[in-house]
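Attaching a single structure in structure tokens format; questions to follow.
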Amino acid sequence: MEQLTQQFVNGVSLGSIYALIALGYTMVYGIIKLINFAHGDIYMIGAYIGFALTSFLHVGFFPALIISMLLCALLGVLIEKVAYKPVRNSTRIAALITAISVSLFLEYGMMYFVKAETRTFPELLPNKQISILNTSAVLDIKNIYIIFVTISLMLVLQYTIYKTKVGKSMRAVSLDRDAAQLMGIDMNKTISYTFAIGSALAGAAGVLVGTYYNSINPLMGVVPGLKAFVAAVIGGIGVIPGAVLGGFFLGMTETMVSAFGGSLYKDAVAFAILILVLLAKPNGLLGRNIKEKV
Amino acid sequence: MKLFNKKNTLSMLAVLGVYAIAGLLINTGFIDSYIFLNIVLIGINIILAVSLNLITGFTGQFSLGHAAFMSIGAYAAGILTAKLDQPFWVGIAGAALFAAFAGIVIGIPTLRLKGDYLAIATLGFAEIVKIIGLNTEYIGGATGLNDIPRYTTWTWLYFCVAATVLLISNFIKSYKGRACIAIGEDEIAAEAMGVNTTYYKVLAFTLGAFFAGIAGALYANYFYFLKPDSFGFMKSIDILVIVVFGGMGSIKGSIIGAILLSVISLFLQGIPELRMVVYSLILFLIMVYRPQGIMGKSSLKFFRKRGVLYANHQGK
Amino acid sequence: MPIIKVNNLSKSFGGVKAVSNINMTIDGGEIIGVIGPNGAGKTTFFNLLTGIYSPSSGEVVYNLDKEISSKSFKPYKMTGYGVARTFQNIRLFKNMSILDNVLLGYHNNMRYGLLSSLFRLPSFYKNESKAYEEVLKLLEIFNLLDKKDELASSLPYGEQRKVEIARALAAKPKLLLLDEPAAGMNPNETKELTALINWIKDEFKLTIILIEHDMSLVMGICSKVFVFDYGTLIASGTPNEVQNNEQVIKAYLGGE
């Protein structure tokens, strides 16, 4: 029971990270139908920005988080303008390979500049643990930070998407791009905002992971990026609550599988769940099923 | 429609001529072992690209897991030739059949999915295959499978490549191949004209896997050594890049693409630190300036313009 | 002996009844028109006849070679049952040649296996050359022979419709369903098409059901007409009878 509580806490933390990255995947997919494979690498760069700020400039946790988010937002917009805009009207598969090329460029470009070795993140948060309900299960202060930051960011996102003009145009574009343009929505601006918000969330996830696991490297974005994408698909890609649901679901399952002795197979389980979900619900848990009209 | 018309006879002569001349150059040492290694890689890439083209280019089924079939073939051939002391032809046949069987097993459930969802499901299956490989003691787990005999010679390589190209071209020009192309073009119309779409998708997937298995066998019995990591997501992407670069739905394109990209990566080995950075830039430039590929003309439905109008058709 | 029996056929999507309680019988060797205002459920009815939708209730029974109920309909099985169709929004294989498009229609009449297609065994040559010859004949009928190697997408609209009909005929159906065959054609083309449809009915011994808005075509060749409105069958009879039917006039012109 205590172990279960402990794993629950760990699962929620890991799930928060996945959910934060998955949100960016899902938002970009919703708007331009592109699997943005470079998204996991933005998360990696977010972690490096956090690392540089905290170890060299001795900035605190929250300022580092916010600066990293801003810089990642800029990077996301830049990537879209430079790399994705030229292929916006070409084939899906060409756009996908473009995204992969951007991903490789970021990974190996970073590797060239910061070298391949793993870096150790400084301890930013107090190393304090709280016992849960007087059992031996503990709640690390870092878990609280992660969960707190994630939930706050999600609330801000929720507000942005449903209460602001930018959010409204994002929703409109994702429902019907052509109609939205006819109604006077600025396509380029909306796409830029989407990339900015998605990338900022990935940057936040990068800093959180850096502080939580203390180590970062240029290829750290590959696996979590893929997993977050899986989470987005499980939830129903293009559907924002789906990304959150998928992220927590995946984080929780993975933690539980590891806890019960399957750590070697935890990635396989993630993909197996993905396939099972898709077979049962081909558009993900919360995805809409749109049939082609004959 | 005759077997021995002028064109067929000529191309058969050309095929045998290339074989004889290159064989002579290898035997006399004009082609050294380093060049030959790259020729082996090119041959393997041609088989992989042509077989993936059948699945993705012609039949329009977006697969991101082709390397998994190669790995299943490679391990099957490795086990058959290294552990069970079987001759190479048994290794190749076993590799092809195991991979084809995996194609059926993976294809039947996943090919109900469309587009990006199919892509991510095949990617998932490929990762599962890799993870199972990493955790199976019998085949060496993460350390890999060693001491596979080197059976891949110029003759084996050349005739496997030629057979793959010939058989897949034949298939494409038969009514079964037409059915596959029709599915790639318009699934609903194909179905209305009597094409059992599930059957033909699985058939294309299985045939593609069969030939990828052969590529795996050639790989295993040339490099002595196999590791599950070599057949990950990036390998699948590399194959897809060849297909797109060559041109979707063009067998000639896949052959030319495999040769060109192999040569490019050969040159990039001269700058190990920046190799991947330059490679990514080349990929990017190709996609921006020649997204339809070298030989590409067609714009199959799935690969046409993205956008919301298209997205509404995703769930068909 | 009727070749099609439709019993209490209904189809609803969510709460919307697209087709409700249709009953009809159709005899062989005739040209049947299905008319009605937009959104009356005509295409849904066609999709029910060809297994693309399965009925919410009721059934369709064909008696072409043998009795087959809509319970065993599957889209890809329909040509095997002797039913072929065209689509309202033309669904040709755009990047395939005209020849290949029509050859694809011949799919179910091909008899050779996987090994023959991989290794070009004799049965490959036998089947393919027979199909090729028959397809050329079809293309000649539709006056498309000199365009056989062009891509389907390069043809003008009217000719694309003809290719679609040729493709359906290549399946050697007994029942041909045409969804708005004259849509987008000019009056001359329509006239030509009307004659052609009449001719292929006799030549290929077909029963033809067509959905059409062009009344000159419907009244010219249909021996019987069914009128749909709001998913129900509001009238049926000879063209003359339905033309004078009050409910039909109301459906088309509105009013009380």
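Going in written order, the chains are labelled A, B and C, and every chain counts its residues from 1.
One rule holds in what follows: a residue touches a chain if its C-beta (ideal position, glycine included) is under 8 Å from a C-beta of that chain, and two chains touch if they have at least 3 such contacts.
Source: prediction; values computed, not measured.
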Most central chain, Cα average position: B
Identity of the chain that, by mean CA position, is farthest from chain B: C
Whole-Å separation of chain centres (CA-atom averages), chain A against chain C: 50
CA centroid of chain A to CA centroid of chain B, Å: 32
Geometric centre distance via CA averages, chain C-chain B, whole Å: 40
For chain C, residues contacting two or more additional chains: 52, 87
Multi-partner residues of chain B (at least 2 other chains): 188, 299
Sites on chain A at which at least two other chains make contact: 294
Residue ranges of chain B in contact with chain A within the complex: 56, 62, 109-110, 112-117, 119-121, 123-125, 127-128, 131-132, 134-135, 188, 233, 237, 240-241, 244, 248, 273-277, 279-281, 283-284, 287-288, 291-292, 299, 302-316
Contacting residues of chain B [partner chain C, same complex]: 1-3, 167, 170-171, 174-179, 181-182, 185-186, 188-197, 203, 249, 297-300
Chain B partner contacts - residues on chain A that touch it in the complex: 32-35, 83, 86-98, 100-105, 107-109, 111-112, 173-178, 226, 229-230, 233, 237, 264-265, 267-268, 271-272, 274-275, 278-279, 282-283, 288-292, 294
Contact set on chain C toward chain B in their complex: 50, 52, 75-80, 84-85, 87, 91-96, 100, 103-108, 110, 112, 114, 116-120, 124-125, 127-129, 131-132, 167-168, 171
